[in-house]
Each structure stands twice: as structure tokens, then as C-alpha cells.
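These notes concern the structure reproduced below.
Think of it as A, B, C and D in the order they're written, each chain with its own count starting at 1.
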Amino acid sequence: MTKRFRRLLALTLSPAILAGLEERRVGNIFQTVATPGDAVRQSAILVLSIAAGIFLVVATVAAYAIFRFRRRPGDDLTEPPQVYGSTQIEIAWTVIPLLIVFVLIGVTARVVAGVQDHPIPKDAIHATVVGHQWWWEIRYPDYGFTTANELHVPVSEKPGETPTVLRLQSMDVIHSFWVPQLAGKTDVIPNRENVMWIDPRETGIYFGNCAEYCGTQHAGMLLKVIVHQKAEFEAWVASQQQVAAEDASAAAGRATFESLACVNCHAIRDTPAQAGHTGRGKFGPDLTHVASRLTLASGVITNTPEHLREWIRDPQVAKPGNFMPAMQLTEQQIKDVAAYLETLK
Amino acid sequence: MATLDYPLDRPIRRPREWSLSTLFYEWVATVDHKRLGIMYVMSSIVFLVVAGLMATVMRIQLAIPNNHFVAPDTFNRMFTMHGTTMVFLVGMPILAGFANYLVPLMIGTRDMAFPRLNAFGFWIFLFGGLLLYFSYLGGGGLSGAGTAPDVGWFAYSPLTGRAFSRGASTDYWILGILLTGVGSLASAINIIVTTLTMRCPGMTLARMPLFVWMMFLDSYLILVALPPLSACQIMLLADRFLGARFFDTQMGGSAVLWQHFFWFFGHPEVYILIFPGFACVSEIIPVFSRKPIFGRPAMVGAVVAIGFISLGVWAHHMFTVGMTSLSNTFFAASTLIIAIPTGIKLFNWIGTMWGGRIRLATPMLFCLGFLFQFLAAGLTGVMLGVASFDWQLSDSYFVVGHFHFVLVGALLFALFGGMYYWFPKVSGKCLNETLGKWHFWLFAIGFNVTFIPMHFAGFLGMPRRIYTYEAGRGWEIWNLISTIGVPIQIIATALFVANILWTYFKEKEVGDDPWDAWTLEWATTSPPPVYNFEAIPEVRSSRPLWDLKHPEDPDWKYER
Amino acid sequence: MSLDAEPSKPEQHGAGAHPDEGVEMPASSFWPMVMAFGVTLMLGGLVTHYAVSIAGFLIAFRAAYGWWRQVIPHEEHEFVPHRHPYERADPVRVSIRSVANLKAGESRHRVRIPEEIHPYSAGVKGGLAGGLAMAILACLYGQIAHGSIWYPINLLAAGVMPELSRASDVALNQFNAKALMAATVGHGCISILVGMLYAVTLPMFPKRAPLWAGILAPVFWSGLVAASLELINPLLNQRINWPWFVVCQLGFGLVGGFVIARTHHIETMQNWPFAYRAGVESMGLPPPIKPNDGQPPPHGDR
Amino acid sequence: MATATLPPVQQLKQPDKGTVGIICLIMAESALFAIFVVAYLFYIGKSLNGPYPKDILEYPIWASICLLSSSATIVMAERALTRHRMGGFKIWWAITILLGAEFLRQTGIEWYRFIHNLHFTVGTNLFGTTFYMLVGLHASHVIVGLIFLLLVFGVTVSGFPIATQERRVKFLSWYWHFVDAVWIVVFTVVYVIGR
């Protein structure tokens, strides 16, 4: 495969793949499209209807009592009968909640075990999601590449389900992985690996957030799960597995990038800016295919040339408090670096 | 009560003449439980207003997406200080205040068991709170720019470690709360000892007012649950100052251990906060329904049950940390079971009203608000207890809505009811009923407008503690409605303050017992003398004043 | 002030040395406040400057000494004279309101209602009998329709065991110890609770309680289950045979209701003093209210 | 209604407030220690680097004997006080203080060996953290107890009628027993289970 063809493939594939996907920005926990989310939704609907029933009955009785037994003119001369209570009624209204609670515990046990202890099929996709302050590193150990903030998974249809197993790790503090339409949240904890799985039935771009407060830019730690048709997912994997694009027109930007401190945090595979052993290139998102992503800064801004330039000029404007400093580049340097990064499809 | 343990060998001091300086002296140096109670309540109301204003700023920031009203760090400090203040500087002291003022009066004694310790508890709470707020000036050390803590009120490690929280802001959080914790512990020990050892003749435990019962169990919970918080704060302090490794994940330390320790305190804390609400409601509803409390033994039993079960439910705050399915189910089960005694209490309050002659005065209105809102809060609590549902709801705005329903909709409403109910005892004057009813309705409307939408925002995937959000996620409308409720609540609270001032200066005295109530505090003057009772009263039933008011049909004939 | 019409004897309960003129109260003291301030400074020094800690220590030390002097050898008190008599609380007056009685009768207007119930053990027995009847019917159904008594048991256990919902028909027909345990515990607990509910609620209904218990309640219950079974136990919902299900419920209702209704009502003991209920008589308590005859009834089955 | 028909008021037998107070204090302290003990147990074997407990810990037999026997001597002192034998009280009290001080000295020696000779500090590993914090928390309670014991000894020697304070001396001795009991737990957890 020639270099030129590879680039062509990458250039044409990425927009094509993403164009047909529906954006699902509203993470309604009752419109789930994956098994763990469905299981939770079913238990949720049960609890909600029980709660609604109890609320209606108890609130009606209370309201009736207030209305029926309110003080009326002439009541001032008597005190009502001083009744102490009724053990029978008290037992009845202890036993009924007990029965309800008993059912709820049973359902909880089944749903919890059903989601947590679900056997993982052999052909599952594996991804490792690493939480950083304040972005997501996403590794595909089986495919050998690393990306950031946008988790791509294949749709999981019957037959031949391809669920995705996520191993959650954290580099610093506790985060939480939450895409409401797919599954409940699972915390991303340093020095501990949590495992969760999703099997989305419908393609689309699902929005989520970090759900555990993790510092200044907790709000800016957004998350997208992009669910492809299987063939498109494989094409995406293939394009991500390519080495970084080389474009002679961006040579100036590349030189600037590699000569500056950018490479201390950001890696670009198969270039001098590759991640090194001393932690170099591991602190920020991997930029090998940065131009193929929808957003920058962990979902805070869309990935457009203007946004990219503004981001390089001063990251603290769009996402105050994040760890990328303004590098005090000249306008020309900013233009060059941005142009270089845009070639990294 | 002036029982002397030792022979007197010093002359008894006579009180000084009255003057401005002695007035100051009498408040700052006082060991009188009533004055300390008033000071507790007043200072927590001040903190309530401060933390309420922070909440207002946060609501303005969140009213529209991509708002730039405050910077992210400012917002994070505000929710941290708002939560910390509301829990440790409003909730805990206001219950100490109510208990201090009322427990000795209700059990017919002259003072708390350890009056000086009582004063110490109040002052160390106040200074601890001031130290926490001093962080706004001195958070970076005296020479640096000030910053308040920004790690959230439950301060999850390792965010609180030196590596992620530089400067001294988190240290202020630790030290301030450690000090107020000492204060809470002092007042808890005091209340326990007072209730166990200083009841007036005839006041058996079975006859003790429910208010005292609940404050007693509340204190027991503080005694058992607060030291663990202090312990884990000491560990964190050691991590930050001595280089210890308790929560250092790089050295093999566990980030989850802090959560276990914190919530082992943190969940009983929720009950510590709500019990005083139960206490007020259990006194007010019977008096305004003109009936004794329905199922009194069950009421006490339910609180005892909650007091014990609540020590075994802490991990329901941690359903998302990846515990085994068995642990998750266990904690879901214990959490759901605790709903039963809670439900019993609610039913018994309704049972008390059933067949009564309900007087809808302001204290009762607030209690009715409490009933409905606590019902809703309890049911959303059941939803959170179902572990699987909690995976979606945990750390979302649903949780924010839920615990504000508990702490504002239930606790604050009950405390407002309590303030309207006992204000005549403290001042001799009844709070104005018209203003009070305006206060109630505006506050109830404002509260519900603010906090109901939060549940829906949570259903739509809005996480808590975010300083802003992008448009198009379906959260805009709910956040906007939420913010609209805030000014209504502010107006209502302003009416309450105005009512207190108006009443204090303009209203007429109403006598010792304006509500025709049944517990001992109404048998003395309003306000009570320093010594509470000229002679220690004697009781024969759980409603001593009923016995006197209805000698033809006294309680003691029927009570066991 | 006295709560009794009879003059009080304050010296009996420690009102102090001068009962008629005043009371000794703990003396005011600055030291707790100073102590709190010192301790705060001591800790505040950690985040400011060590000199603050030293100052705090000195202040706390001084306060500790002052506090010590105030309680050792005895706690300092000050004399508070009683208020002038006209500033004291008025004696509590007899209310002008009369107290309405329950229609149950003059002397018993504070009883709890209902006054007669089935013994609680009847609830447990009835629940267990009904549960057994239901289990037998369900197993019968399993044997007839699927050739295995384990089938309904496994279906019931699927409510808490997700692995069963993935099981094949053959597996559902086989014995599964875990499922048997889960199903027995679940069915047993619910049966006992429902039996208890029957026992306490049946006397509240006017007449034809066995009809309520035996037929109407199971039918109502079946409807409730039909509406929610998809969420509670999806596997059971897929495979349920509704006629048999209703038959099983009726079996529970009729057997349980019959066992409960057969037992005699007992008089509740709620208007007895605790001492009698606990089986110990103690002095100083009023005698028990005697509803029917002179003697307190023998201990009921609670 | 004639007052004569009022039933007599039950005179309650209520416990002494100091007793309840000191029990409450001990409960709170127990809860505090419990968390440190749980932390110690949780982190057993989780240190990433040495030294490990089995490498350096030695059974503090003599220190334990000192501390535990001080519980007996303080009982003797109390007994002497109730019988108004001031000489006996002073002697037993002084022995208690000496035993407590010897315990602290032994802890000091152990810590000196760890910190100065082995460079094993609170930050070395999780074992160091939990060890110093748990043992240190207990030692700080011994110090507080010793200060109060010394105070009582000082005022007694200077002629204060300590017999009037018998009740408070009793509470102090309860606290001392509590500190000793905690040592049994600490010893078991740190030196027996932890090794």
C-alpha cells in the first residue's frame, strides 16, 4: 500500500464514516440502546412505578386527612378522641412495604448480577479507557493504537454480537465513565482496574460526561461513544492503524512541533514525536490521527481549523484551568503547527 | 441542675448589676443552655444565608449553557463551601441549638450535664467555621493569594492529596471540619448524658417526649459516626503534612478506602441531619392535631432501627466504584430495608392527624410541607437504593435534587416549623401568622420549582458539580426553571427574617403556652428564667400538661 | 411553679440550698471560649505560621488552667434568685374543652382499633399453609405440563438469578440446588408476610372475610403480578401459564384464609399496662383497665 | 379531681452523669481507633516496597508488661484512696506513672531504631504509614493519660485533698484502663496479625 493511497483512504474515510451517524446529545437514561442500559432501565421503571403508586396513595391519604379532619368552627370546645394507635394497622403498613422491599431486593439482585457477572464472549472488542485530568485516553490493545476522547465501537447486533469490554484505569484522580444511553456509570479509579461492557444496538454518536468530580475542568471532561456499522468500524480501525500522514506542505509545522515542548506531552506515532520511555508524549492526547476526531479539548470545542488555531494560541480560553499551557507561539508558528496537525487525518 | 457533687468551701458569687458590658459578658461567658442554644441557631442561620448566597451564584451560573458568570475554580470552591457549610456549619449546629435549648426544658431540669463543655462545644464550632472561611483569605498560606477548598464536601482522595491539591486550601477544609467535629461531639455527649441522668421525677424513658428521644438517638449516631470522620481526616492530614501514604495511589494506597471511611460517617450523617427534623415534626403534629402521637412505641422503635441500620448502608454511595455484585446487592438490601422504619414514621404522622382537629397554623403548615416533601425524598431515596438504578443516578443532578429534598424540603421545613412553634417560648411572642403563611407558601413554591427540575436533568444525563454545560443536551430548560425558583426562595427567606424582627419589636406578648401544648417547656415562663423551673416538675405520663389541663381524663390513667 | 395542685417539695429533688429564694446555677465562664480559641489557633498554625500555633498553645494552656481552677476542687456556682412571684409562670389551668370519646364506649375510648384480632401466630401458620398449598399446586403444574417439579421452582428463582434466564428448557427441568434455595426463601418469606397481612387485616373488614382472603385478594394480586411480572421476573413472564398461576394464588388464599379464620379472635392487650403485658407487676402503676371481667386475660399469643 | 387520687411519682434511679460521660468518651475514642485499626488491617501486605513487618518488628514484651501492669497498679492506687491511705495512694500512683513512662520510653527506643538506624519512616511505605499512625495514636493517648496522672500526682504531693476528687480519679483510671485495652488490640493487630 503506497503512502499516497493510505492518505487518500484516511482522507476519504473519516468524514464518510462520521457523516451518516446520528448525534444523540441527550443522554436520556430511559432511551437506552445497549443491554446494560436496558437492564437498568427496566429496574428503574419498576421502581419508578412503585414509587409513583406509593406517592399517590400516601399523599392522597394525607391530603384527605388534612381536609377531612381540619378544624372547623365550633371545634374549639372539644378535643378529639385521644387514640394511641393501632398495632394492627401498624403491622399492616409495615408488612406491605416489607413485601415491596422484598420484591425490589430480588429484582436488584438479578439486575446487578446480570450486568456485572455477565459472561464475556470470546469475540468481544477490548478497549482500555484511561482517565486523565481532564481528558480520556483510549487504547485498543488488540489493534495497537491509542486515541483520545472518542470511543469508537462496532454495533452489536444479533446474531454475532460484538460487545465491547472496557477496562477503566486512571492516571491521577477518580473519574467516572458515563454514557447514559449505553450503561450506568463505572468509576475510573487510580490503582484499580474496573471493567464494564457495552453492546450498542444502534449506530450513532452518544454523548456522555465524566461523572465524578475530578478537579477544575470536571465539566470539560466530555465523552463520546461513536457506534459504527461493523464494516465501517473495521475501516476506522484500519485508518487509525496507519502511521501518521506525511504531507510535504506541512513540513514547517512539523518541524516547529518537533522542536518545541509539544512533544513532551503529545505523541505522534512513527515520527520523532513518538512516545518515549521517560513518560514523554504520555501526558497529553495522542495526536497521530488528531484531525480525524470530531472535537478538541475533550469535547469542549469542535475540531475546526479556527478552533485548532485558537486552542494552540491559548488553551486557557476555551478550557480554563487545563494543563496545556499557552506556548507563546508567533502567529506564523501557530499557523504552521495547526496546518501540520490538520494533515494528521 | 444544681446538684453539687462536692462540698462548697467558697462563698457563692452574687450576679453582677445589669449593664451593656455585663450583657456582653453574659453572652460570651455564658454556660446557660438556652443562651448557647440561641447562639447556635443564630450562627447557623448566618452560615445558612452565606451558603444560600453561594447556591444563588451557582444557580445563576447554570441558568444558561456556556455561561461565564464565574470562573470554573470559583464555582468549584462555591459548591465545596456550600456543601461543607450546609452540612457542618448549618445542619449540625442547628440541631445542637434546638437540642440545647429544648432538651433540658422538656425533661424538666435546669441545665445540661456539662455546662462548660457545652459552651466549649459552641465556641469551637464557631471558630472552626471561621477558620474554614478564613481560607478565602489565607488559603495559599498567609503570604499567598487566598483560595477556599475546591475538592467537594466529601473530598474524595486522591484529589485531596498534595499532588492534586496544592496550597493549603484542603488543609483548611480538614482543620475546620475537625474542629467543628469536636464541637459536635461535645454537644452530643452532653445531650446523651443529660437525657440519661437528669430527667425529672416520673420522666421514665417511656414518657420522654419524642423530641428528646430523637435528639438522644441523634447524639448516639454522632458519637459513633463522627470519630471515623475525624480519623480519616487525621489520616489525610498525615498524608499532607507528614508524607504518609494512606491515600497515595502511587504507593499502593487505595482511593476507595477514603470513600469507605468517609461514607461510614457520611451516611449516618444524613440521619444525624434529618432526625432533628423528625423531632420537631413529632412534637408539632400532635399538638396541632390535638391528639397524642400515633403509635408512639413504633415511632421510637423506628428511630432506633434507623440508628442501627444506618451504620450498615454506607456503601450505597459507592455502587459505581466496582464492588462485587454481592456487595452491591447487600448494600442495596440494607438501604431498601431502612425505608421501612422511615415509612412507619411517615404513616404514624398521618395516623396522628387522622381523626384529629387539625389547626393549620404556620408551624403545622411547615410540617405538612415536610410530610409531602419527605415522602418524595424518601421515594427518590428508594430509587437510589436500587443499585442498578443508582448506576445511572449516582453523581447526577437527580442526586442533587434528592438530597436537597431531604435537607431543604424535609429538614429545613421541619426546622422552620420548629422555629415558628418555639419562637414564643424563646421570645414570649408569636411570629406573625400572615407573614408566616406568605413565608410558607413562597418557600414551598420556590423550593419545588428549584429542585423538582433537577431530577429531570439527572434523567437526561446531567452530572453534578459541573460549572457549565454545552447547549443541546436537553438540560437548558430544567436548569433555567431551577434558577427561576431561587429568587422566590430568597424572598420567602427575607420574609422570615423580617417576620422575626417585626415580631420581636412590634408584636404583643402571648403568654406562656400559646399553642395549648403538652410538654414541660410550656409550663414555665416565656422566655424561661435562667433556672428554667422554680421547682423541678413531676410527671406521670408522656403529656404532663395534658394531665393538668384535663384532670377528668388524664393520660396517666391509660398509659402503661 | 408547680405542676401539681399540691404544694411541691423541691428540696426532695435537689433544687438547691435555698428553695424559696433562688437556685444555684453553674457560674459563667470565659474559659471554654478562650480554650476553643486557643485550640483553633493551634490547628490554624498548620496552615499559616508556626508562631500562630505557639500562641494558640499558650492561650489554650492558660484557658486549661482557668477551667481547671473553676471545677477543682468543686464546680463554681452562682446564686440566681427566683423571679418575683408575679413574673413566674401561671399555674396550668384546667382546659375548658371536653374530650370526645370514641363510640366504643366511655371507659375504653383510648383503645386502639380493632380491639380483637387473630393471634399473630395464625398469620404465620396461615401463610405457611397457604404457601405450601401454592407450592404443591405449582409443582403439580410442573409435573403435568413439563414433566418436572423443578420447572416452576427454577422459574421462580430466575427472579433473582440472572444465569437462569439464559438456561435452556432442559436445564430448567433439572434440579438446581441454588435455585431451590432462592425459591424457597423467597416464596417462604412472601408467604409468611402475606399470611401476617391477612391475619391483621381480616378483622378490619366487616363480613365475609374468608371470601376476601380466599378469592378477591388472590385475583387482585394476580392482576398486580400480571402488570409487573415483565419487570420483576422476565423469564417467568415469558413462560407463565396464567390459568395455573391464578389457581395457585387461589390455593394460597383459600388455604391461608381458612387456617386464619379458623383461629379464635383474641383480645388485644394494648390497654393493659406494660408491666402486665411483660408479665411482671410493679408498684406505682395504675391497675389494668379491665375490659370484660376482673382479671387481666391470660397472655395472648403475640 | 382531688389531688389525693394522683398516683405517686416514680422516683428514677438515674446513673451518675460523670459515668455516662466517660463511657460516651470511651465509645467515641473506640470508634476513632477502630478506623485506624481497619486501615492497618486493610493495608497488611499491600506495601509495594520494604521493609516489611517481619523484617523489623520485634515483640515489645517488656513495654506491654509495663503498660498492662500499670492497669493493676492504678487499681491499687484507687483502692488506697477509697480507704484514705494517702501514702499507699502516692506510691501506687507513682508506680503507675513510671510504668506508663517506661512504656513510652520503649516506644521511643523502637522508633529511634526504625527512624534513625533503619531510615524507616511514615512515608516509606504503607506499612510505615499505618504502623506509625496507629501506634502513634495510641502513644499520644498514653501521653495525654500520663499528663493527667502527673497532674494528679503533683497536686497530691503539694497537699491538695485528693480524696475529695475520688470520683474524678476513678474516671481517670477508667480512661487509663481504656488506653491499656487499646494496646492489647494494637499489639494483636500490629505485632501478631501484621507479622
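Just so it is clear, a contact is a pair of C-beta atoms (placed from the backbone, for glycine too) under 8 Å apart; a residue touches a chain by one contact, two chains touch by 3 or more.
Every value quoted in this text rests on a predicted model; they were computed, and no experiment measured them.
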Middle chain, criterion being Cα centroid separation: B
Most distant chain from chain C by Cα centroid: A
Centre-of-Cα separation between chain C and chain A, whole angstrom: 43
Distance from chain B to chain A - Cα centre to Cα centre, in angstrom: 36
Separation of chain C from chain D, taking each centre as the mean of its C-alpha atoms, in whole Å: 39
Rounded Å distance, chain B centre to chain C centre (Cα mean): 24
Where chain A touches two or more other chains, by residue: 43, 78-87, 89, 98, 107, 109, 111, 113, 117
Contacts with 2+ other chains: residues of chain C: 4, 73-74, 95, 97, 99, 110, 285-286
Residues within chain D bordering two or more other chains: 6-7, 10, 164
Chain-level touch network, classified as line, ring, star, complete or other: other
Complete list of chain pairs which touch one another: A-B, A-C, B-C, B-D, C-D
Contact footprint of chain B on chain C as seen in their complex: 1-4, 8, 10, 13-16, 19, 22-33, 35-37, 39-40, 43-44, 46-49, 67, 70-71, 73-80, 82-83, 87-90, 92-95, 97, 99, 110, 271-275, 277, 285-286, 289
Chain C-touching residues of chain B, taken from the complex the two chains share: 1-10, 12-15, 25-26, 28-32, 110-111, 115-120, 123-124, 126-128, 130-131, 134-135, 138, 141-142, 168, 171-172, 175, 178-179, 182-183, 200-201, 206, 237, 241, 511-513, 516, 520, 523-525, 529-531, 533-539, 544-545, 548-553, 556-560
Chain A-touching residues of chain B, taken from the complex the two chains share: 71-73, 76, 150-152, 156, 158-159, 163-164, 249-250, 252-256, 289-292, 294-296, 298, 320-322, 324-325, 328-329, 332-333, 336-337, 339-340, 343-344, 346-348, 350-351, 353-360, 368, 371-372, 375-376, 379-380, 382-383, 386-396, 459-461, 463-470, 472-474, 550, 553, 555, 558
Chain C residues within the chain A interface of the complex: 95-102, 109-110, 112-114, 117, 120, 158-163, 165, 186, 189-190, 193-194, 196-197, 200-201, 203-204, 228, 230-234, 268, 270
Chain B-touching residues of chain A, taken from the complex the two chains share: 25-30, 37, 39-40, 43-44, 47-48, 50-51, 54-55, 58-59, 61-62, 65-66, 69-72, 75, 78-87, 89-90, 93-94, 97-98, 101, 104-105, 107-109, 111-113, 115-117, 133, 172-174, 176, 178, 180-181, 183-187, 189-192, 194-195, 207-220, 222, 299-300, 320-321
